[in-house]
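Order of writing sets the chain letters: A, B, C and D. Residues in each chain are counted from 1.
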Amino acid sequence: MKVRVKNCLIWLSIWVFSSAAMAEPFVQGGAIGSQTEDGFNALGPVVEQPIEFPHNTHAGQMGINCMYCHTYARRSGVSGIPRLDKCMGCHNLIESVKDRPRIKKLFEYWEKKEPIPWKKVHDLPDFVRFNHERHIQRFYFKEDRPVREVCGYCHGDIASMTTARRVKALSMGWCVSCHQKEHLESAGTTKTSNGPNDCWQCHK
Amino acid sequence: MSLSNLIKNWSSLRVKRPYEDQYKDKDYKWAMVIDLDACTGCNACTTACYAENNLPVVGREAFSKGQAMHWIRIERYWGEGEEMKGRFPDRGAQFLPMLCQQCESAPCEVVCPVGATHHTPDGLNSQVYNRCIGSRYCSANCPYKVRYFNWWQYPERAWPNPLELQLNPDVTVRSKGVMEKCTFCVQRLTEAKGRARTEGRRVADGEVVTACAQACPTSAITFGNLADDKSQVARTWERQQIKLASDRQEKDENLRGYRILEDLRTYPSIVYMERVRDSEA
Amino acid sequence: MIHTTDESDIEIERRFVPKAKDINEDIAWAQINKDVLRSMERPRLMYWVIFLASLALFSVGVYCEVYQYRNGLGAADLENPQVWGLYIATFIFWIGMSHSGTLLSAILHIMHADWRKPIYRFAEAMTTFSLMTAGLFVLVHLGRVWQFYYVVAYPNERWTWPNFNSPLVWDATAIGTYLTSSIVFLYFGMIPDLAICRDNAKGFRKKFYWFLSAGWQGTDRQWANFRVAYMTLACFLIPLAVSVHSIVASDFAVSQQPGWHITSFPPYFVAGALYSGCAAIITLFIILRYVFRFEAYMTMPILDKTCRLTFAIAMVWTYLNLIEYASAWYGNDEYAKQALIFRATGTYAPYWWAMNFLGSIVPFVLVFKSLRNHLPTMMVVSLLLNVGMWLERFMIITPTLAHGYYPWTWTGDWWPNWVQIGIVAGSFGWFSMLFMLFCKIFPAVSMYEVKEMVYHRFMASKARA
Amino acid sequence: MSNSNIDRRDFLRVLGISGAAATLAGCGNTSIESGAELVESYVQPEDFVVPGVGVFYASTCTQCGSGCGIMGRVREGRLLKLEGNPKSGISGGKICGLGQAGVQVHYNPDRLTTPMMREGETLKPVSWDKAMAVLTARLGSSSALSGDQIAVLTGEISGHQKVLLGLLLESFNSTNHVVYDALSPTIGRAACKAVLGVEQPVLQIDKARLILSFGNDFLGAGPSPVHMAAQYARFRKAPRGTLIQIEPRMTLTGANADRWYAIIPGTEGVFALGLAHSLLQHQEYAHAVSADIAEALKQYDKDTVSEITGVHADALSHIAGMLWERSPNLVLSGPAAEGHAHGFDNAAAILLLNLILDNRGKTLQGQASHPFPQLTPITGSTGALTRLNQAVTAGKCQALVVIGSNPVFTAPTFVPFANNLSKVPFKVAFVTQLDETARQCDLVLPLLSPMEDFGTHVAGYQPAGVDLMIQQPLMERLYPETRGLGDILLDLLKQRKPDAYKAFPDYYAYIKTAVTKAKPVFRTTSSDDNFWEDALRNGVLHLDGPPAALETHAAAVKVDKPRSVVTDVHYPFYFVPSVKADLRDGRHANLPWLQESPDPLTTIVWDSWVEIHPTTAAEMQIREGDILEVQSATGSVMAKAYLFPGIQPDTVSMPLGQGHTAYGRYADGMGVNTFKIFDPVFDEHTGELALYATRVIIKKTGEHANVVKDEGPTALQQGRKLVVTMAADQAQLAKEISRVTQ
């Protein structure tokens, strides 16, 4: 009898473990969060940038529109990093901060006419085509949502960070979960539609 | 797709054959017309395709093993039947540009175990490289044999530095073990559709064409939106009395349009125009 | 099934009592235990020869697979349109092999054919291992084997599902289920024997058998539950076996290729599967009989029955094969007819004719009783039959892909290269290695069922007397 | 595609090259990474530069001499693809495969990236300073060379590069600009000049109702194939024109003919005169030629002609009947008819038909006269090389500059140019990639690719009006150690004549000045800068001009007694080389796309082969893939047999352009060099090498190999209705929808 109980226990534990492993993806959101390195909804790794750019100052305190600097987002698939002369356009005129080390670094790059080697924080696999233009056009221009909300869907609250960190999973399921939701077609209407469900829309 | 969604949309997973003019209600149904009387067999289209779609040059050895990667190939026939008539091909050669026919009821789509090839809303037969596991069932089931498999790790051997600088960033470079095929230059279509959508309109006729159609020196290839009545492609289909959802066209005898292996009920999106020969000459 | 000595029960069994004795009914139960356990201790030298040869063959296969994995499938000389080569052909072959175990243990079990009892264990093992081999071929042939789990339907972070329309998904599901079930069936049917092993083993082995025997004590209650469960599993397995090969046949039958798009493919495949399985049983029967000194259990009358069964199935297969040809020949599908003509006259014609000869003519050797009882002849014939069946699968894949709808992409001179041949050879090594290991570690003859058989035969002959 | 064709000279410098590696990660990488890659980052780009959006720049294709306008698609500083430039009258927005492959000249992994100098047997890399020092020591201010002591050997070259070369030579009191073209059109041009009064008439293919072509491959390797193809497309629309091709080996044009006839090589002239005789029977043509010609033509009755040419006598009267019925028509002579000892006479006889049929001004016109004749290309010839070879042999040549020409590869064996090169004390080559000739030079200077350099071009064949094509860089130079041809020439000229050229800091400044100076000709009111900007944006400066009138010199046609071709017992086969539209004389064999682009007629790739008629092959028991030795009086080559029905049965054919030995990884070892088996036969009139007059013998070597081709075991449709053909009288082309006729 004792032997049988022992055997039963062994089998039971194998069964419990394997079904727990199988069931994990069923948990709402669990599967998506499991993509990030340090758990669900945690920040992605800290990426060291050549200049520790304070988004919190620019977007947070100053309240500058994201697209003032990231100008390409509304007209290209790629949002891109601001061009150096954009930074200089303002900072040439702001005498008060010119002696700060970060600004000095900026001027060094400008004088050398060298692009700043910013690192990618939100880097999708190469076979994925995420189109900034389409999302900005739909949610910012047509639906007239606040820019921090529109960008924040995927980038989180950048205005509270210095250099950007990834806060969303950016996994396929995470994308699809939003594409399946009904979104207003434009600010004035109650008509809704959802994102495309066609592989070739995002995969190339 | 979540489990509940899967059940909800179960019927959408079933493959349907096209019926009547259903495609006309949609915004887009991409289609093509290839005029075989204009095609000279010059291979400009094939090279344009290599340039646009990051096709690897496989080299002599792989080519000799039938591992060539030309999404569009020019076939050259010497006769219609099983034997050549006469001593010389005195009516010239018969050239046929063969590419993916973007079938409306594609044999490849049904059999792909992972759904890497499926039908897009605008009537394309898509191939998603990162989903493909390389079972090659689609190729085995394709009547036209226009699917090409990455038998080797081409990214490592086909573009020695600095040739890789030529690669089109809009098209994935395929690794070994995935299937690929003509996409009707979907990267161009997506871009044009996005632009049109931002401007709140439909893509205009001629605004976007495939690389092969763009290059063709004799304009033998016409590409366009079949759902747009005024497009050249739609008008040609109409004039040639070709119906997308028919497997046997009832048309006038003097019309040149036809589709290849139509009786297999693949409902191809490419209409060929018969070659013309002056029988008095 | 609870065995009593009821008159009626004996009546049923009497029908199966042949003129020649299947087994010596005087054999002592202790002797059975002893003989079988001895086979696990020290087999003949031939065992090690076979084992090492299989290991060597397997290593060749592993080398080829590693080479192919690193370089891509181009290393196997596959091409457009010869996209599958030997891999899928051999896959079908191994799937076919797996049917014999189910036939012997499940089908004959519910049909009360008790002559199967000494040989069903190894047939079941054959089922399991050939399925494992077949599964390997699915992986070997995949372009991106590291993504094979995309075929499995399970909720995932991509929120994607496989394409339920595709026969390959049915395949994956069916083979997965069949493999699991046949492992369970094999293991389950072995539990009483494992307990015997446990009781006779020492040291590490004892622990091993103790774990596997799952607390088997041989109580009446255990036996009763065991019988019910075993019967249930058997009933479950039969439709599975039929469905697995029907689904493999569907891979072809639902496709459009001329020469594959044939309604009779599922029964044809199932018949072919049983055929090659039976032939393989004859081969392994002869080998095991010699290697493990099982002359007392794997007797000539049992071989004779197996041969007769094989012949019957061979004729069914031949009939279905002719139906396939006839439907192409007399059908309205000109493409399919041309594909058939190509098979009979084209590049691969010698193999096609060889397949037909080996599959339909050679089995007539089995008609002759004297030959049926001649072991070397049977060894050769059974091997020839399996060569024929392998060729059948080769003939389904290669000539069809060579001669599809599209003349421009016909191929006239495609042959598999060393990588493919190496992997196919390796699969035989892998199979026989596993099989030999199994026979060494587990009782290859079911001790408790042979005891039953001996007992029943004894009772039957007593009744007759 | 965004068509913002804005051009600035400096945009490339700012942008640099980036974003290439991103695509290569391929399908395997499924993870989301942070901080692994750099973002596209610019300092001060132009406003129109948007990452992720391609920009198109106009330029000119330099792959052949057609001068097609092209557009380069540039993204993130990289040139990705070439398209046709719709503003170019020559290409009309279309592009051929050869043109597409221009990007591979630019990105070729075997490009020369540093100057090389000879050290003993081998070439060693040196710095530009050293290289220029050596160059100026020989050709700079201190050079004492003059006259015949210096020679410049080029391929077809036009525009301001040609002008600068001329000026450089002039500073040495030399006119020794040798233009060598291994596939020279000299014979045909001479015949045109003699019969029609112009060297290069403009063909109005689309206006003809019937084209009779004697081996003219205008769809394949002729002049301006893209333009011809567009014309051909219009020719095939309603009312549909008919094309009859007569040639010994089917060309791409022949493959598109309504009717194709095989003819014994070299007898095309006889057939043409037979047609002329036949046509003169019609009353309306009776007075088209002088009485003595008409009298002489009487020897060309159809049976005699049929016997000589191997074409059935009925065919001759049938064709004559069609020519009479369908007017206007066009009769073309091509290289296959012209490349014989009597090639000039053949061509003249063929052109005579146009005179009889009165096609002048209808389907044949003269080119508009060019306002800048100094920019137009010089017709290359093989005779030029022969003469240079004589000068070199005599030791007269002290310095040789080689640009865009590879005579070591293309010269036939009886012009031992390669051996004689050692007699020239100083040989310098300007190349983008080392080839066989450059490897024998003492100094090799790496040029910018055509995608990195400025230039102007004038096409040899000007279909309508006059074009000055502008070439501009499509991206920043890949290799810092490469320089433009114009810049190097300008440097030398500055040495020779410092005063005349000090105003031009570089070649860009030179052509900008030169082009803007030509502004008055183009009758525009825009400012100099706008004119230049427009020229760059459009890639072409076009000037309408009336076509020149054609003259009639029927007397130039020699009508002798009909001669059959003499058979040669030792070399029983006629040898007809085939010119592939993409590889041409072999200068493009280093481009992988072209190597892998199947030959349209045989679908063979990466190789040379021997085309032989199936009946001949059956007689000789030759199967496809048997390795044959093709032996002429001057040499022999070995290649695989390919059974080809479109060839005259006593003829074998092999493609030109393969068989390189030192031209990079994609060219070396592919096929054999068929230039090396040409017989020394020359056109009697021009002295030009006759390319189609070689006789060979075929020997089986007993070896066999698979022919590498796209075609499967059958080239027949097996009744599966893949290419369906309709009779012309049934098709109602006029009712069809077509963009071409719109």
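FYI, contacts are C-beta pairs under 8 Å (C-beta built on N, C-alpha and C of every residue); 3 or more make two chains touch, one makes a residue touch a chain.
The model shown is predicted, which means the values in this text are computed figures rather than measured ones.
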item	value
Any chain that touches chain C and chain A	B, D
Most widely separated chain from chain D, with each centre as the mean of CA atoms	C
Pair joined by more contacting C-beta pairs (A-B or B-D)	B-D
Chain with minimal offset from the mean of all protein Cα atoms	B
Length of the line joining the C-alpha centres of chain A and chain B, rounded to whole Å	36
Chain B-chain D separation of Cα centroids, rounded to whole Å	32
Separation of mean Cα positions, chain C and chain B [Å, integer]	43
Between chain D and chain C, distance of the C-alpha-averaged centres to the nearest whole Å	65
Of all residues in chain A, the ones touching two or more other chains	26, 35, 77, 125-127, 171, 176
Chain B, residues touching no fewer than two other chains	1, 3, 68, 73, 75, 77, 96, 118, 129-132, 171-173, 175, 178, 261
Chain C residues counted as touching two or more neighbouring chains	144, 155, 159-160, 405-406, 408-409, 411
For the chain B and chain A complex, residues of the former touching the latter	1, 3, 5, 118, 120-121, 124, 126, 128-131, 170-173, 183, 186-187, 190, 194, 197-198
Chain B-facing residues of chain A, complex	26, 77, 125-129, 131, 133-134, 137, 176, 180, 196, 198-201, 203-204
Touch list for chain D against partner chain C, complex	27, 706, 711-714, 716-720, 722
Parts of chain D lying in touch with chain B, wherever the complex brings them together	1, 17, 19-24, 26-28, 30, 75-76, 78-84, 93-97, 100-101, 103-104, 107-109, 219-220, 225-226, 229-230, 232-233, 236, 240, 242-245, 250, 252-262, 322, 478, 581-582, 592-598, 600-601, 603, 605-607, 615, 645-646, 649, 665, 670, 706, 708, 710-711, 715-733, 735-737, 739-740
Residues on chain C engaged by chain D in the complex (per definition of touch)	144, 334, 338, 405-413
